[in-house]
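After this come two complexes, each holding chain A, first together with chain B and then together with chain C.
Moving on to the complex of A and B:
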């Protein structure tokens, strides 16, 4: 006689409370394959945990963003935010799609040059630029975005020493109506510091002011804040022209577009609440086009979007190590990917999904990573079906920041693979081994 | 392991504990299991029945059985023993 299908026995307490007006999802989402390749095959070939990037998704997302802006504004230039993800294979796709490089350190600058980016297509941001970094930037004709007055004077000194002219912009911080207001980077608009910086630069013979830059924050849910930012930069743009008869070449609205991840504490899923590229584009381009800048002198619009272009293209495949109960009977699950690999789990409720059909019975669960550290919590509370040891799960939208902010801690960092546009897979960053560390440590 | 006399189990998987006022729901396998426990069947007997009836290996079933019993104890559905009497 054929045996019946088994399911884990479950007893769930019925709790009265305010019912959710949204109800529960009708069906548990299952991610069994990525770009046509089975999750189980990927883990079998490359191990678990495993970061997977989809070239197809990256290119489609870039195309969507470009269409949104290029159909609304005559001159648009994206610059890939290296800090969001600087794996060579990922960066090369963005450059292939026409993006310049946006870097925030000497290391990232060197990386962009090594990847063949023309120095004049590098935007050099950030508060930390050494004299050596500035020399590199001047010699390569990069666009240096000045963060503070000390940097401005170091730049003047460096340019004099090299007897070369530096192409510069200033970073401007401002009140755009969002909280928290980022004022730690750049020169303030409202108190006149930004205008003061423009004046000093225009009087320095070794500096050529070519642009204005702002970056109003991160994961900005209100597209209207960008309209305020664009309007304020347009005001500085016109003031510079009126006083110095000088047309700047570009206005850089930075990054900060939200991805579809859900922030901790958010009531609704990010996929339903974050603005689309069209909404951001509409706000920004309308503000620039309706400003007092004459249409024939409209500057190029630079965008340094990172998160929103790459988050969806990254997945982390992981395996269930154990199910257990806490002292209060709560269901706990341990998986083989921890916060050392998932920096974004500190601020997102990451989407975690089984890779194969599961029981329809869900239970509130805490998902822990494998580290022997109390902080290693991937999800505090997620309604999750019963899965067993060895089952494979997929964590989605992990393309931004994780493979740059990850830590080598307790375990080796895993393989990272790319699924190319033809569906072929290849390792783009090899798993660490003991050799990785032996090579850089003293042989005591 | 003994189910409290105050606990009533319906045939559709609804459990009510009149001692605590709590109610619970069971999935079909959970219902089958709690009924066997309430009939005071021994673990070994229950295991044999499940292994012959369902497509499950003995270790998986053993793990699930003890986890289920832990939850019954946690929810005060079974008669409570002193946990610190190590016998």
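Moving on to the complex of A and C:
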């Protein structure tokens, strides 16, 4: 028999057998391997901390999302939201699965072009588009989603200067019953600003209005909000047809589908409360199909889903640095991954799991990152089993936003690896070193 | 071309065709052979010609159909009568008056029988001739002023008058070298069709037939051979054939049924073998009857059996798979066969309704026609559809609830335009594994598409149906949701065609219209086919560029510029500028005609597929390359998809190989011209500005590739075509620009 692991003694209330209002005590989930590769082997080879992406999970998730929409609607096109995760290796999988690119800056636009995306398959969103960016977009025949009137004027000017036609859509904001209502981006539906913008664009000779775009918010947990958004856009679509005898080509419902992460303050885990792709798809497509739009003229449906497609595919492997007690006796644990790598830890109660079996005894714990900075808290309260220094943990559902919003702060950013569909691993972004900084800094 | 010349041409072709029409042909070569042998007997030759001219003049003067006139259909019965009368009497002015009178009589009988038999879709064959010649023969003895001809008795005298001693010697040589009575009577029988009694006429006709059509020649030998064997079998004296001039009945029956009115094939050849003994019996019995009147039955057995058989075939209720009545009469068995090419699928006219898949996205066939579970007996022609994921699973989670199944609750659409005739909407969905055999079909919609075509969609979700009885539907319109009601252990969509509007009606063996079948990389375009189990299917979506470019509206004019890069003079001649015009005739057949070389390409487009159905005229024409490059193009063509077809052999092959193929064509084709169209670029989901396709034409002998040409086709949003063709010794560029008004 294997020698039992030593665990520090701990006193805890007996809850066995008697369900409280939270049900039976949860059984600790162990993640010892990812796509068949052992966590310990990955850390041994690539170091700790370590971001791991699963190609298999990405592809399966895309397939699930596409199936949900394509079996409910005749023309569906996903566009990959670059800001969610623009690691080349990740982006390429989405493009390989048929996604277009959704970018929100000149940088992202250039990145998409550099990855070989056809310019006409780039949706250019965002409130910040310089004259130079717009020129790039017009020259590449991109779909430019106009955010405000000043951008519209600049675009008209730029298109005239280039003497080229620009393909445009407008971003519309609206009340879909979601709080907070996002009205800082785009033209408002209810007060007629959007209709005004459509009229101006239709009359501008260098602009071709091809679509309508909205993005009602983020982490939307009510699919019905999308139905309202789709209905309102369908109204604009028909109004445009009636006035100008012009069929728009697409309606873009943006992103905002919730992933399975649990928001801070949520009563129930996200995996159980967030709508599935099917629920979002059902709401959106029903709204469009039952709108006034004749079925022969249904526009293409564009979706810029980011988070819900990638969150599950990303893991952060980390190692326990220390266990200690606070002044009140509360258990504290320090791990080698901090908020500089995990931007989403500000929003979510991230799922953190041991990679080796532990005892069933758990204690309320605060998990800190390694930064010498007070804000570096990964979980302020989590029921966690006792693990020792050097034990490896897996933080799940970290695929979205972290590897774009992370920062180089205090320490280097770690390796990012991909486990491909055949179970082979490779580095897709190398760990930083002093060299990384030498090149871009002045030498004085 | 001047107008006078055209008129002259028309007269010439109406006369010549009257001769070749005796063998159901409009071949000028054959006609020349036949005219020549008709003049072997000068009296008969003149009689025939007079009769043809009289009949055709009448048809022209009285204003009958010019097309029939030009094809010789009004003249050939009169011709036969003229030949018969001319041969029977010594040439004299009175005889030709009689010929003219009988020709008039025969002409009107032709019109009458064309009208009466035409109502039943039947040809009038030589019925007018029969009646006229019997009238003449029965009154022959009373016509005192006319002298009976003595020709036919002294053959050598006649031959000598035609071509002195050498000719006689040559004939003698033939007579002595052809000993076999089988062959001798064959030639005699052939000659007898033109009332010629000697071998030479038969030989010339045989050569003419061989040059005109290998299948016709083969059939003439087959028909005659079978009759010959049957005579031997039942012990009728065969030599009598030689004297009574009725052996041709067997030959004509074989030609008519084996390859002309029916598409030649194993079945038509087989039926010739079965039918000819019947012709023999009719012949021998008719001879006994007609002997009483001292006249010959002539072609009565042929007319009787052909009309009976054709009429009987027309009354078939099931869509025939063999013994197909020639859909477009090309006037030559080879052309009929190659055009038909054993492929009914090319002719969408047979399927008036093109049904789309009744759902969005990719679905999998879980049970096809003659399925292993429930698609049996009268309900065997049905499909069950489900949705599967990448691992082939049709549900997520445990699959214990209907909601776990991917297809459950998904939209069900109208497969084609129609009217709702039945809606059942109130049967609850089953729990998984349970079946409701009481309401077998569950929630169901039946749609009427045409008088005898209904589609039925069953097992829909409880109270999900949005349409009601009497609603007019457009293809693709939302009907309801896929469910699990009725005899459905797990959610799926049952889809079938039927001929009547009732729930529980027997299914109809009717194919789906145009759909895409998922392959490892891309899609295979299918047309009017029957999806099989486990195939993953999806509807194509309309490509706007193709939709516009392939919409050939009558009056559309296309300016063509051909650039040639070749050392070969043959190719160089093609260079230049041409004009094509789109036309529609009274039968609603659309065609593209080249103003310069008069080549015509016929086409057909139901809105979702463009077909070139036929080509007529010079093959060395830019229009011919256009025809083969765009032989079949789906309007809803998806990137990375391909479509396959076979080009008609007679248009792609020539020379000795094609001659050899002609002989065996009804049994098998060893020559093949494969057509494969691949879509390279088609724009994207919102912007379709241009389409790039590649047509590969592969010629094969017994499966082995001998020649391949790759034609690149580029189409822009204005509907202009650029076609680049690479052959072994030439590069052609055909630029087609729509003429703007």
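In the analysis below, the second predicted complex is superposed on the first by the 427 of 444 C-alpha atoms of A that agree within 3 Å, B and C clash if a C-alpha of one lies under 4 Å from a C-alpha of the other, contacts with A are read in each partner's own complex, and residues count from 1 in each chain.
Quick note on the criterion: a residue touches a chain if its C-beta (ideal position, glycine included) is under 8 Å from a C-beta of that chain, and two chains touch if they have at least 3 such contacts.
From a predicted model like this one, the values you see are computed outputs, not experimental measurements.
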Contacts of A:390 with chain B and chain C, given as first, second, both or neither: neither
Touched partner set for A:265, first chain B, second chain C, both or neither: neither
First, second, both or neither for A:75, with chain B first and chain C second: second
Dominant contact partner of chain A by residue count, chain C or chain B: C
A:116 touches, of chain B and chain C: first, second, both or neither? neither
First, second, both or neither for A:180, with chain B first and chain C second: neither
First, second, both or neither for A:11, with chain B first and chain C second: first
Chain B versus chain C as contact partner of A:289, first or second or both or neither: second
First, second, both or neither for A:329, with chain B first and chain C second: first
Intersection of chain A interface sets (partners chain B, chain C): none
Complex interface listing, chain B residues touching chain A: 15, 22-30, 32-34, 50, 52-56, 60-61, 64-65, 67-68, 70-72, 74-75, 77
Chain C-touching residues of chain A, taken from the complex the two chains share: 59-60, 63-64, 67, 70-75, 77, 120-121, 143, 167, 210-211, 249-250, 282, 285, 289-290, 295-296, 300
Residue ranges of chain A touching chain B (in the complex, touch as defined): 3-14, 323, 325, 328-329, 359, 361, 388
Contacting residues of chain C [partner chain A, same complex]: 359-363, 387, 389-390, 406-407, 409-411, 474, 476-478, 539, 541, 684-687
